[in-house]
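Here the chain labels run A, B, C, D and E in written order, and each chain numbers its own residues starting at 1.
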Amino acid sequence: MQDSLILLVVLPLLLAFLLPVIARYLGNLSGLTGSLLLLFNILLLANAWNSVGYSPKVILLGGFAAPLGIVFYIDKLNMLFAILTTIIALLLWPCRTHNTDVREYVLWLLLLAGCYGVILSGDLFNIYVFYELLAVASYGLVTLPATGASYIAGFRYLMISALGSAFALLGIALIYSFTGSVNIAHLAQIIPDHLHHIWGYSAALLLIIGFGVKAELFPVNFWVAEVYSHADKRVTALLAGVVSKIAVLIILRFIILLFPWQDIFNFLLLLGIIGVIVGEFAAFYAQDLLRLLAFSSIAQSGLVIIAFACATEAGIMAGIALAIHHLLLKPALFLLASHCDRSINDLAGLAKSSPWASALFVILALSLLGVPPLPGFWAKLLLLQSLMAEQYLLLLVLVLLATIVEAAYLFRLFMLFYQRQEMPEQKRITIQGQELYPVITLSGILLLGLFFLPLFMDSLREIAMQTSNIEAYINTVLGKVQHIGEGNI
Amino acid sequence: MKDVIPIQTNNTETIAVSKNSKNIYQQAIDTFSNFCRARSLFVLHYCTGCGAIELPPAMTSRFDMERLGIQPMVTPRQADILLITGYVSIKTLKRVILTYEQMQGPKYVIGICSCTVNGGMYWQSYATAKVLSEYLPVDMYIAGCMPRPEAVLTGLQQLMKKIEKGEANSWENYFKRYDYYLGNQQHLFGDTWHTPTDILEEARHYHLYGAESTGNNTARLIKYTVEHDLTKLDAPLREKDSMTKRGKK
Amino acid sequence: MSVLDLDHVFFLLIVNIGIAVLWGNRPFVGKILTLLYILEGLSILTSYHVLLSGAVLSSSLTFTVMQQTVQWQLGVSGGFFALITFMAAGLATWFSSGVWARSYAPIRLLHSYMALNVAAMLLLLASNDFLGLFIAWELVSLVSFLIIAINGGRSAKAAYSYILYAFLGAMAILLALIIIWNATNSFSYVEVRHHWSTMSVNRQLIVVLLLITGFGIKMAILPFHRWQAPAYAYVPAPVAAFLGAISSRMGLFALFIVLLQVVGIDVIQTLWLPFEIINMQTFLLWLAALTLIIPTFIALRQTDARLLLAWHGIGQGGFMLLGILSANALGTAGGIMHVFNHASYQAALFFAVFSVSYRTGTADLDRLGGLVTRMPISFTVMLVGIIGLAGLPPMNGFVSKWLIYKALLDEGMPLLFLAAVIGTLGTILSVYKLIHNTFLGQLRLEHENIKEVPWSMSIPMMILASIVFITGYFPGLLLESIAAMQSTLGISVVDYHLGGVNTGKGNLNMIVVVSTMLMAIGMGALIFFVLGNPRKQVTQWDNYAGGHFLTSDMRYQYSHNFYPGLMRVISPLYRNTIFWLESAIVSTVQFMAHISYALFMQANYLLYLILLVVISLLWVLAV
Amino acid sequence: MMIWDDIFLEVDFWINIVSIALIVIGIYGIVFSQHLLRMVFGLGLLEAGVNILLVKAGYQKEAIAPIVTQASDTMMSNILAATAQMVDPVPQAMVLTAIVIAAGVQALALSLVIRIYKKYGTLDSHVLFLAMERDRHLSLNQKD
Amino acid sequence: MSGQHIFLELILMPLLAFMIGLFLVLMMRKVRARIERRVGPPFLQPLWDIIKLYVKKMQISHGVIHDLGIIMLLGGYITAEVFLPVPGMSGFTSQGDIITLIYLMMVPSLGLALGVGQCANPNGSIGISRALTAMLAYDIPFIVVIAGACLYYGTTDLTEIIALQKSQQWGLLSMPILALAGLIAIHAMLGKEPFEIYVAPAEIATGPMVEMSGKYLGSLFVMQCLQIYTITVLYTSLFLGGGYTWFDFIPKLFLVALLPVMITVIFPRYKTDDVLRWLWKWPTGLALLGLAIVVLQG
């Protein structure tokens, strides 16, 4: 039954290509089919979840065994991310009835297919291909609003990620030339001890920078501010929430399985902490709400990268917790911010005109900040504990200082929202009920997680344990097939 | 100190205090308090004119007022004796009267130099008050165009003897015959003349409110105070309202 | 078995919040809330004898996360502080439930924030391990941010600077928590105390310094004191009284628990700052002494009565810390007792100042004067308050100051004793200026028909004033629970009796001192009224002014720049270095923000990507 | 030197040089050019260089094309023997997809360039960046 | 200590203090006169002044707080008397120590300040502000002296200090520098000439006493007597071994009162900030030196 998970990737692709045809008959109901598909995916993942509960599974595409064939590796972490991607996609699904043309749905479905592919695939080149599919779909989505600014932002985004993927390809080429295989499990046996030299390092760097573009790694995240403020809000929510987390997931896989060297960890830690600090300070200076949220998402993904970079089990657990928390929270904030797309000073007195939206914004922002009772605090606590376990004292202090700067600009926002004087009549923003439903559900999930905190923490620990033991990964993937030679080094 | 300086008191009649109206206990206290009053006198020498220069030598080592129990004091509140030394110009007389009214209980006025007696050298000047006792009940004059310190001291000693005998109560005349004094003052300063202290109130406090305390002069004063509503405790506050014409409350 | 355990109190608090939020602006709700606070106070009082015997009020609010069980239970020290909180909250709500409420628009916000504050504070007082403490600490700082920002405008700015300081403190505490967790991987106090010695010495030093910073910020210890004065001054009357009385003492409570119970004063004495100059205890004592002196002499220069009192709040906070850290039975007792004393007279003073500003519309000392004839009750309350604040005998302020002085002398720290006395003298000077400029001197024309504040505002004031006098007369009432607190903390216990303290070397019996004072004042009154002749009241214009005729339009009051001679001598010392330090930090943050923003706004951004690749490849070559 | 001569003659060495040259030129084109089109061309060159390297990964000296001609013997052992001299087919498969992806991306980039030109009339990246910021600023303030 | 014994002492101690205070004031005025080569006031002059002021017929008051201030003034010093160790009578010395005494001596100054404040006379307010500044000035050296003495004796209870001095040697001999600094501080506490800025007659019309007339001024004179007595007794019990019998106690008091007067007569008046600077420089320096010596002696 678990082979059925292939449908996850196949169905969206199939529907994407059929949709233009269906649209001619169903007209504007085509959006519905997309959401139906997502529901089906959730069911698929649900029953797959309990089956994979105990030990990770492997799907051999086309029957070819590893290390030659393309392999899908299913374990708790991938399943978790897949489910979360589906949920977010379902909530953000642009099922506006009137003016969306069918191309938007197609691009969404391609994007989803790319996401699933990247999450599940256990093969390096396969990840690259799905990553490219994902990238191209996101270029399309970014330029959807058809304004001049979105075109330029889209183009610049295209250039930087194309460059990034070229580097990734270069890295894969280097690896292949040395190891002769692209299957991650196979590589995991070879690379750590054989490629521990200059070429191994450069391949690792190229791969990390390549996939770092989407993961908002420090120097390559310049596109974030432009794209998130010009693209359509739901796309931004998806990109900021889901796609960046998936890219970080790939980097996690790499540094655990392929390049478990301390220098790479230090490199990532360095880039991560710079990303956090620069993100927070830029957010402090940002003039409008969307750019502020964009920079804060840079900072958050910086935190996730730091967490994964200390590659202990506690680190991974903290990273996953932070990723999930940010994945659920940031789309909600972006949806809220979509209505207040103007400079911050004009937002004064928002609480009067749309009280529920500002109250939700405050609660979510506080959770982002890590104020105790809210889930954000537990995620940050895990991060701090893992950093402390690794004795990275300076990093710890810098993360805390960044939180203070974050508190500075968030509270400046709250003060603006809850100012006494009314917003001027014609510029008043009132956010109606039904736009808030996705936000309410997201915050509901977050606050619900609070009540089942102990249960949630234990399952997180299991996932972290499962991801961090490499032998299990290699055995499940390669165990089934006897070795065909050592590869042609 | 043999030559006795002529002392005139020109207030016509002093109401003799009949000795036996109080009981023995009251009398004992009176005699004892007069005994103490005589022994400790606080002097406020108001240097209105040239006579003041005689006071410092009276206090310092040569003549030493302190051996008589007399100390110089700075404010009328603490003083018993008000020494008016020298000519009293009309403008200064206003301040003298204000200071006199701010003094307490058994208070004595001594006019030094002949200018307070009858105008002295400035007898026909337009600017000075010729006879001090028309405006204040004066206990004693020490004549001389600036009497020497010995004269001042002898004068003070004689006043001490009078106080001891309990006869130096000319201050009560100010309250008993306030109308006479107020008339003279209004004659000099005009009808709207008033001071912050409420003399009639004080007269009642001293139980000296006699028939002669009020008359047409005080009537004029009372009319003025009522009109300006100065009767209340914080009278001058009202005055501010009247002046700025901010409507009667 | 205790009559009421903590669940009942928590339940009452939730009811409190519900009522305040739902019907906050109804007229009668203020009274109900006051009753509720008093009920909560009584419920703790009824089971207080249990607390005194060392037992604990347990509550069912527990949860376990990451193998740490976090639970809430109220010890005797928590109970003592809870009582003060309920007293302050009850009287503040009483003050705001009467006529004053009609004049204050956001009354519903005020009631709900007050209820939230009390609930958060009780959560903090009942926390009994580091994680619970931190969660409650963050809640308290968030909720007091809300209540400080209630008036908008100036108080919103003050609240913003407060929340930044609070987050700095919270992060410091979080870092300390993490370091402790790393050493002992458990958050409970007992465990931490047990494993404390496993940490290396300078790590212990870092943890203690971080905890001092974290909790010190709420207590406004010297380098972090700039936020408190405007925060506590520009808020409405009941809030100012509540904050001034108890809110900044939460930091002291946490410090008191952490330093004395967990770390232990002996450890602090052995910790040496780098270069062996000074040990931690002396460093903290001198920090507390400076916190006492500098804010007091800043208060001396204030012309706004509320700011003056707020600055004094900071100064007295330093005094309490001085007491607690003196590692002497008398000193710790004096420190804790000063918390109660300060709560009582600070609240009374704030009420008095605000009743004056309620009637006259201003709290600016240069525009007041002579109100004693018009507002006698507020005058008596302020008189009792300033005698307490200055620490003069009949009032309770004197007892705690005496205890701390005695401790400093017994411990052989004369210079600290001198510093404490300088602080007290500064307080006497500035409180006299406060009462002189508001109540004594010349009554201004516009205040001529000012009436006394309505009963609903003056009764809480009078209750507080009577509390100040009664606990001054019988300090034993407080010393009993303080001794119980000391025994639970395992530090040396003070031997007390109802009147005061008996030490071998000079003891204090307030019953004797105060009754002799009353008797002596009786004798003085006897001499004064019987012997002399009857007195006669005169108007304020019948005054010696060098022969000048006084009229009402002339301002004849000496109030501005009240101590010119002193100011001429010490004004060069006012260099407000901390202000410059703070604005320097703020401008660096803004500058870095500008740079990082500009970093992202690049036309040619690919350059950075290539730079990164080149650098990393070079770095790879180096490896 | 003997080693140097051998390497010098190796085809392998020359392919590396060419591909790295292509990559460097491509990157230079993308990063330092101001004109959008030149960036797209640079991208093309870069992709080409990378693809060459990818293909070369499976190269073996004097190896024959990886085509199994004797359809009949499907025995595993002969297949193994045959592959010994064959060039590794996997990178060739990979490079196929890589080329397709590169082409797709470049096509998308060109269409964007056309749209930008239609909208702004210029292709200078600095001017366009400022235009984007101006639009952003305009959209922020006059939100009706 | 039976009940009426205590009651008797409660009455006797202040009365005794008042009488000794009168003679101290008389001695001061007599010495001042003699130095100015004047005859000086008659024997019971201070008493006559007080009685004359009390029997004045008009007693001007500016309000209830004015009276309350004066009562607080008298009450403060009467209480202080009861806590002072006097030969033969112990009173409540065991219930309060030297710190209580210092604070009890501050209560009257606050009472006076309140009373004068009510008079709404700026001269009075300026006088009070100068008086409080002067208090700040002289209290710092005085506190250092007290701290030094208490450290040396190890206790803050006056009777024990006296007992210690009786067994060992006088405080004066064991802590000469502290004694000297204490003397200067006491000189300033008495409010005598060089530090008398707050009663400057010419400038602010006797400062706080500007509106005090009749029995108010009389009570101030009574306070002055009690103040001189309290301060001198405090000094003697700290440094001159307190009084074993009345016959050696009273000469000590007069000696301690005599020295400041001798200095007072020949000095003009300092300005307020000069008072501050001088008192914070010399006596505080001396006191700190003495304190250092005491601390070093261990």
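To be clear about the criterion, a contact is a pair of C-beta atoms (placed from the backbone, for glycine too) under 8 Å apart; a residue touches a chain by one contact, two chains touch by 3 or more.
These numbers come from a predicted model, not from an experiment.
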Touching subunit A and also subunit C, the following chains: D
Chain separated most widely from subunit D, comparing mean CA positions: B
Chain nearest the global centroid, as defined over all protein CA atoms shown: C
Pair of chains joined by the greatest number of C-beta pairs in contact: C-E
Chain centre separation in whole Å, for subunit E relative to subunit D (CA means): 99
Distance from the mean Cα position of subunit E to that of subunit A, given in whole angstrom: 80
Whole-Å separation of chain centres (CA-atom averages), subunit C against subunit D: 69
Interchain centroid distance [CA atoms averaged], subunit B/subunit C, Å: 58
Multi-chain contact sites of subunit C, meaning residues that touch two or more partners: 443, 533-534, 536-538, 540, 542-544, 601, 606, 609
Shared-contact residues (touching 2 or more other chains) in subunit A: 156, 159, 163
Shared interface positions of subunit B, touching two or more other chains: 75, 77, 105, 202, 205
Interchain contacts (touch definition) - all pairs: A-C, A-D, B-C, B-E, C-D, C-E
Touching residues (chain side subunit C, partner subunit E) in the complex: 369-370, 372-373, 379, 383, 387, 390-393, 398, 402, 405-406, 409, 412, 414, 417-418, 421-422, 425-426, 428-429, 432-433, 435-436, 439-443, 499, 504-509, 512-513, 516-517, 519-525, 527-529, 531-538, 540, 542-546, 556-559, 562-566, 568-569
Residue numbers on subunit E that touch subunit B, as the complex places them: 29, 33, 36-42, 45, 48-49, 51-52, 55-60, 201-202, 205-206, 209-214, 217
Of all residues in subunit B, those that touch subunit E in their complex: 29, 32-33, 36-37, 39-40, 60-61, 64, 66-67, 69, 71, 74-75, 77-78, 80, 104-106, 202, 205-206
Footprint of subunit D on subunit A - complex, ascending: 68, 125, 129, 132, 135-136, 139-140, 143, 147-149, 151-156, 158-159, 162-163, 165-166, 169-170, 172-174, 176-177, 180, 182, 226, 229-230, 287-288, 341-343, 346, 426-427, 485, 488
Residue ranges of subunit D touching subunit A (in the complex, touch as defined): 23, 26-27, 30, 36, 39, 43, 46-47, 50-51, 53-54, 56-58, 80, 88, 90-91, 94, 97-98, 101, 104-105, 108-109, 112-113, 115-116, 119-120, 125, 128-129, 131-132, 135-136, 139-141, 143-144
